[in-house]
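Working notes, beginning with the structure itself.
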Amino acid sequence: MLRDAWLVAGKDLRMEVRTRVGLGQVVPFAVLVLVLFGFALDPDRGILEAATPGLFWVTVLFAAVLGVQRAYAVESAEGVRDALRLSSLSAPGVFLGKTLAIAVQLVAVEVALGVGVVILYGADPGGWVLLVGSALPATAGIAAAGSLYGVLAVGLRVRETLLPLLLLPVLAPVLLAATRAFEAALDGSPADGWPWAGLLALFAVVYVGCGIGLYGTVLEES
Amino acid sequence: MTSVIHLRDVVALLGGFPALTGVDLDVSAGELVALVGANGAGKTTVLRLCAGLVPVASGTAQVLGEDLGRNARAVRSRVGLLGPSGGLYDELTASDNLRFFARASRVDLTDVERAAERFGITGRIGATPVGRLSTGQRRRVALASLVARRAELWLLDEPHAGLDAEGRDLLDSVVRSAVAAGATVVIASHDLDRTEGLGCRHVTLAGGSVTHGGDHAA
Amino acid sequence: MSIGNEQTAGTAPTVPGQSAPTGHRSTSSPLTRVLGIIVVLCIPLVVWLSFVATPPDRVQGESVRLLYVHVPSVTVAYVACFVTFVSSIMWLWKRSEWWDLVGSSAAEIGSVFTALTLVSGMIWGQITWGTAWEWDPRLTSTLFLFLLLVGYQALRAASPDRSARSRRSAVVGLLLVPNIIIVNRSVEWWRSLHQDATLFRTDLDFRIEGLMLFTWMFTTAVGMVLLVWLMFHRFRVGWLANRVEEQQLSEAVAARRAEATS
């Protein structure tokens, strides 16, 4: 299973290195959203500063929807689905591989956004231990849920519109918890943030578990 | 002779369309069979069904001794399918594609390298993303991947299309050596000269069922 | 699934629970008629109980009457959601058409009750709190339940063939309950850090007396009968739709085959 996961993740990341869709399009999109928030919420009135954690994670969710869509678009090419089903890859392995590749790309988005909020919104990255400690489980949870809901929309004509409808309500608790954890970190009161990081870890565990258990059901269909 | 494909009154649906409307087909081990018929007759669906990729809506379907209705998964790893588009990632290079599918199918990497060499996928072609290769070159990549798989049952969908004369001869020799090695080969083709040259038994399909030559007695 | 040619066109298929094919294609049976009559007879009683027989609340006044709709509908909505959850698990285990239809019927009717809960809750909130929306954990969870049920139905509507539809919606149906629990817990935790005044807890802690309690329980019971009644009909509509689909397919198979041999 882990061998298959590495294989699939390596393949996806190799594709990303070749095409640079994530780095060249999704990351700039995410930074653009930050700039747009700056226009919408007047930077001089302190709203932007107060809302920084929330805006950061809302942007991550939007980027995640795009990343998941991209991750499954490459698999839906004519004949590729057949070739994959004829291979001996295990479904949990494919799930973990897709999740890992999405997570790696999300980390790149988060790093770019982190630099963005420091420069554009004047955020002070104080409690970075909590920032990293909550961002990692949040990313794992988003990637796992995205990978599971992404495969549910594969092959449907309306997949671009259906995926956000299915995925964003599910990710709402991640937004809530990650935002609270970031608020605590930026306020300099990390003790308030760690329970939220724990909730994020729980979410990630639930979705990695559900993905391992349920992914095959969707894949085996003809 | 052991039966490799045994289909009785098989109906298959593709997105609500009755692609197969009652197919009867028998293929024995080591046979070379050509499926012929007009576009839309159901040739591709027969091949994909035999690969365990299309669900059997009704009828009996046994491939390589497994019941497709119950155990399609067991069949999938033992067949090789060459589809019209090759089933390759456009974004990856030819050699990356070969390596990925070899690892994913538990195929020995040295086998893949040997096959790649045989089909001329080396050097610059090997390092080119598949999306930028010509149709014939893509087909060669897909063929190399198929040969390395050492499948018991080969299902080839229009394999000659898009290949140059040299490529077609190469393909024929590959098919002959596969049969000599004990594999069973089913080819869907419009190129009757080629399939006759290979000595195939011809099976005619129309309207999603076999109209001529379905069982070997015929 | 049998798509074979044994099914002849023209005969009305039998609906599960009905003894014989009904001449007029209907989804009713003696049982659903009884359930329907119970609902129809009980609704005037519910109206009388909640508007006439019960007194206005000391604190909330007349607006308490909205809760006679709100609380039963939320109960029915969550029961329906739970039925979908259980049916999804059962489908993944048994892979039967029956569980697929039970799950999807419950989800569809559940989303109507969820919408009713939200609307009645917001009207009540407007009167009592002065705002239609409070980030109360229960109300927020119900909104998310509604969104998740909308997604479930959108996924079903978007899936062209039956096997993909059952399979994918069973996965989404199974995830309904964990999702709602996570949303509820996180919102509750979040709100508890800011304010502690939520519904039914502090300042609105009114006494539930005999007749009020009875009205609540009675309305909830009627809501449950209504759910079961609607589910029977929805199940049978879905079941007949599947039969029509099969019949059309077998006709298409025959037509395509005839075309080939002519």
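Annotations for the structure displayed:
First chain written, first letter: the chains are A, B and C, and each begins at residue 1.
Rule of thumb we're sticking to: a residue touches a chain if its C-beta (ideal position, glycine included) is under 8 Å from a C-beta of that chain, and two chains touch if they have at least 3 such contacts.
The structure displayed is predicted, hence computed values, not measured ones.
On a Cα centroid basis, the chain most remote from chain A in this structure is B. Contact tally for B-C versus A-B: the pair with more C-beta pairs in contact is A-B.
Chain-level centrality, scored on Cα centres against the all-protein Cα centre, points to A. A separation of 32 Å divides the Cα centre of chain A from that of chain C.
Chain geometry summary: the mean Cα position of chain B and that of chain C are 47 Å apart. Averaging C-alpha coordinates per chain places the centre of chain A 38 Å away from that of chain B. Shown for chain C are the residues that touch two or more other chains, namely 160, 163.
Listed for chain A are residues 222, each touching two or more other chains.
Residues of chain B found to touch two or more other chains are 55. Across the interface of their complex, chain B is touched by residues 4, 7, 11, 14-15, 18-19, 74, 77-80, 82-89, 220, 222 of chain A. Put simply, chain C touches chain B in their complex at residues 1-4, 160-161, 163, 245, 249, 252-254, 256-261.
Looking at the complex, you find that chain A touches chain C at residues 148, 152-153, 155-159, 162, 165-166, 169-170, 172-173, 176-177, 180, 195, 199, 203, 206, 210, 214, 217-218, 221-222. The part of chain B that touches chain C in the complex is made up of residues 9, 11, 13, 15-18, 21-22, 41, 55, 57-59, 206-209, 211. In the complex of the two chains, the chain B residues touching chain A come out as 48, 51-55, 72-73, 76-77, 79-81, 83-93, 96, 100-101, 103-106, 129.
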